[in-house]
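Order as written gives the chain letters A, B, C, D, E, F, G and H; numbering starts at 1 within each chain.
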């Protein structure tokens, strides 16, 4: 397979198999890489940023073994692991439009052995909605805060909890949101401590990071 | 006076005299412009962005008529007007370092006939500090929200009140705050309605705008 | 409704119901959120950034209660409020291409109980067109200035009137207008006082802010 | 104390006292805030971004209780907590010039009850230096990767370990490093999973976040 | 002279001698280059961006032949040419702080044989000041419009006159003026035709260009 | 016509009728504006940035009076004026892909009474091609230099001639050309004097400016 | 051929014929330029950035003489030269998605008389894959490193080898990769010496440069 | 030496010792690192970006072994190698102000065993100066083109020669040169093939790269 050089040691080295970034790869390429991973026992295998068409091609190849989550454009080959982390990961979004990015994070985290609680549409324009969920927020071992526009959600949560907050800026917005830059900068400059940031719309990255935090100190998670 | 073309109609046209932007002008230039304004009966005259040295020169020329406010680097020649607005202007800062910009706004608003209430250091990293002042916030006819770093304060206040919120991004911060760009973008993309933005560190502009809002419908304010 | 967390206190808290941002939401989601708001007595409900197709779906659900304004891609469920503000809001555009953004502002302001006067295509390249409307401009309690390209309109109006000016940069232009950045920066740096800025193409935000200014001091506007 | 609104609940709420950001505050302001915190039993108190002069003023006020770390321009009032975390935090720098930022992270993490191992000057231009420390890297429960210029260190470490990697871009570099933007973007786009990013030169933020990861699941850390 | 390769054909080829850009050159280098030019009969020689110290060194070398204009930080060796252009160049500034850039343009244009009329401090915040000079503006064969902040002056003048307008953005302003970027973009996007732009603070470039326009069709101007 | 406020004085005031910017206007709007201009005797009328479809609609309304130039996406209603300028305008492009922008400039300049000479594809990668046309370049009263990518053409021509050079950056290029920013910055920083710049892809603006230069000193050109 | 000014001396002057940049040129234009080159004996002729449709048109004109490489969207008219360089060019990609850019480089280099070795998908997230090819890397006389996202590959290779490394940033990535800017800045700031950079996605430029390096000191290569 | 991890294998691995980047390192740190390198036989050792004061400290430690080149702020410990490359490296600058960057490149290249020819102040504003040196340019095995402002020099040279051109953008310029960004983008978008780019002001990087090109195919250069 000249076009790919699959990393078959990753499950052992890092506690999770290589994830297939589906964008810019053909269905055939994805299936061939996935087969290589599955044959090497690297399950579950996540495939991110795939449309319905690519999902169908993978379904054809792996049948029931494959589950597709259309909102988050993510699929999984093989079973998700049973939750074995320290505690719970809470995924919060500012608005309804941020849910696709959140779902990518949720599927990722659940696949890697984490209990996940989702809280959607609690942006700071109506602060009481967020404050009503304070107990849930404080029950987390890691929080993923997903927000576009001005991204203030991350700072507000960061000031309320004691666990690490993984902030995910989204490209939701228009004009001077510049495709997520406003939220990204906002989150990088958070006045609250304990907040770190991943790439714009990178729900997958947030999910894997939160999983590592939720497995801190455990070997190979 | 070849170097300046003083606008002697502004008090009548816009309800406030021309303000002297002190940066990039010599003490002598400032004094000469100020005299022209005072002689034309355009008091009070504000002078912004002046250091101690320029303040001394103006003091020498106008004596007791001149008051200097060093933290905000702003001075006023002549008396402030008695409050005659619709209600109260509330000026809020996220942190201690934002106070100089806030003071520029406060002196401006007070000079133009407004009652002003100041609330400092209530950034969103400790949300209870802000929520404790909710009654004060809701008593305003206009709020000036001054914040650097991620500027989340403006959105949070915007979601809590029914009056116009004038957001002032400040250059407080470092790294990816880019001298106030992060706060500026954050405020422009506020998910809360009723928020508008002035230039970075532009306390003066916020003060004059809040004054106009607080005098809405009154002639020439 | 897991995907949304409707803010049913907003009418009481802020004098206007939650507005539904239609972009990135499905027709079904919009209708469900709208029904929740209407059932809670939060009329009128504005829905912004919707195309003809989404407008049809809302029409199907609310029938005569719903009015759609295609140029501004905005709709309203329920009647607009009778004008009860301090004075009049004047909405000005620099060119013909800025009208869609202006219409979003106009529908928003009219829905919230404001008398609105529209003046289109009076950009500074033909200054006499603007100066011919000086009396109208000076009759406003708030002005919304909508302009793309270099956005000079906001500064010129700002120098002519005594009321607050809400500047809306638009994405009209090409090349170094960078999708509205040139106009945005121009407006943020206005040499005229009393000008504040909202996000690029944010007619809705300008409308709600002008309405708040036009109701300054009135409870819950 | 009108200029500050000290958050005296933070130790209880978030497991660490409010940290004093020393930049833009006077020595007197710092000392007064610090005293308020110490009197409320919120030790240890960290003071970041202070020069020698401010350090002397704090020393004068707190005497032996205060320790200053000049390279990282950070000080601590009160004793550091005994290590009580899950494991060890490893702090890695790409070059010698990145050490000041690393030291801010180290002092922060050590103060909050963490064992810290420092590995300096192992940038990717001489990869064998990094690979020689692979066992140390793999012994961490969290890694802080500090790098300027192109910031490749974070990605390379991210590919080698299974624990969370907190990447800190530094302003080390010149020309197209744009004060740390190059490293920041590089880290945000890391091809390795498990990497998140804090603000440029934000050693403090990295330290507190790594501490929270290293105390994942423990109450109030 | 290894460090410089003086262009001794420029007077003949382009109607004006090579100008010495003084920034980043030592006094000695400037004097040596100037001597080479003068000896080759290339007078008058302009030297731009020089401080008092460098001006003194040039004075020492050329004595009465040299005139220094401190506000514009520009000097001239040799006599200015008698006006021999088509008409008059009008140089306009928005504010007092833009005068140094204007002066660089004025000295340049006058040296190259142009009649120049200066109009200062007529920015659009007080439009009547500009309109009062309409006859002067319309008497020009070329106009140089010098403005910082939002740079609206160029568009407004562009709409009033029929001659070419050379727009010079200045670095006057703060915050989101970004050292002249706001004015630069504003001028590039001017809605008025007939406006072109030179680099930020480039009074020299504007002067030479206006001179060429004012000598259009004449050989070697 | 509520949507437009046609400037019927422009021909008299500025020597050329208002040009209709076709982008963002419907065919019907364009035709109505054009009719207003034609009825007021403001011919010729230029219509820029129109596609084939809009061109057809204008053709239907004005028949033979209308000429369309598809490469430059520009049309003219009415006859072009006879050349009556000082000399000749030379339009130069760096590459074949820059020709559409050049054609917009050529049609504009020819319509306004200028003789135009076009020289295409003489970019600096093959310098002999440009040098072979030196006599033509030096015969111009104004040169329009059209180039994308690095835009070096403007500087090279600027160093060879004595007339004003109007530089037009184009969006030709990819990657770090950023849609014309690279060429724009290059041209603004030209080391050759006498070069000024218009907006990216703004052939029309260059044409009208060159025409004004070529009519310098003539009334109302 | 008015639209193009073919450089028929380039083969002699620079050792390779003019390459036809296919983007923005019609099939007919490409064929006509190609014929001019072929008739002048300037083979082989490369045509870059062409889609299937344009490739067909060229095939129709040149039949067997033309070879098309669809992944790299590049074609060649005439035979590739026999390898006559100093050594071998090694082309490395970080991921599968970078292969199209790499192929453009490979076809270019092979056409110009170079032996090329391709190594794909050896990004730094799985460092062992790269280290496994160290001998191959060290056998090169020039290396082309092709990477998107954070572009760390160039620095890591730069630290391992002694030959020149030509870094090609690609637009592979999303969010804060900003279409290749992140990789571009990363490569420009490489901490490893011996690395230089070409434009984003510019495989052709890298290929020709590597060929020149591989023919260093040979006449006209 | 905890602060540094000197790479003692670099001479063997890459044909040149580790260079000490002097900025941000103390004199003491520099001397200690240098001694480690010298003791390991890694001469000559280059030290870049050092001021007079640091140069004195190194002189004190290494005496005659150390040579300092103040204009380029670079020093060398040990003898330069005898020229043993394929041919000659030609270093060209656009202006006098670019010489310091050029000197850094020259000292670097000469130290590593290259014959270097310097050609200064031949920018494109006076093209005949460059064309007069065409034979010298064509005699090079590699050319280093150093230019600020619009950086057109690199493209023009790139079109004239057949060898690799290493372009070095400099921070010379003002306004929209943005500290070298204009030249950087210009060089990255060069329409001439065979040009690659290093970081702004990175004379050292250009020198080492040119040396590698000039030793292409030789072991460990």
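For this structure, a couple of remarks:
Keep this in mind: a residue touches a chain if its C-beta (ideal position, glycine included) is under 8 Å from a C-beta of that chain, and two chains touch if they have at least 3 such contacts.
This structure is a prediction, so every number in the text was calculated from the model and none was measured.
The chain pair from E-F, D-G or E-H that repeats the C-F interface, sharing more than half of its contact pairs by residue number, is E-H. Chain A and chain H have centres, each the mean of its CA atoms, that are 45 Å apart. Taking the mean of the C-alpha atoms as each chain's centre, chain B and chain E sit 36 Å apart. A separation of 26 Å divides the Cα centre of chain B from that of chain C.
The set of chain E residues touching two or more other chains comprises 95, 125-126, 160, 175-177, 181, 184, 188-189, 193, 199. Contacts between chains, counted with the stated touch criterion, involve the pairs A-B, A-C, A-D, A-G, B-C, B-D, B-E, C-E, C-F, D-G, D-H, E-F, E-H, F-G, F-H, G-H. For chain A in complex with chain G, the residues that touch the partner chain are 2-5, 7, 9-10, 18, 21, 23-25, 29, 169, 171, 179-181, 184, 199-202.
Taken together, the chain F residues at the contact with chain E in this complex read 13-16, 19, 86-87, 141-142, 160-164, 166, 184, 188-189, 193-199, 204-206, 208-209, 212-214, 216-217, 219-221.
Per the touch definition, chain B reaches chain A in the complex via residues 94-95, 123-127, 149-152, 155-156, 158-160, 173, 175-178, 181-183, 185-193.
Those residues of chain A that touch chain C in the complex are listed here as 95-97, 99, 118, 120-122, 125-126, 128-129, 172, 174-177.
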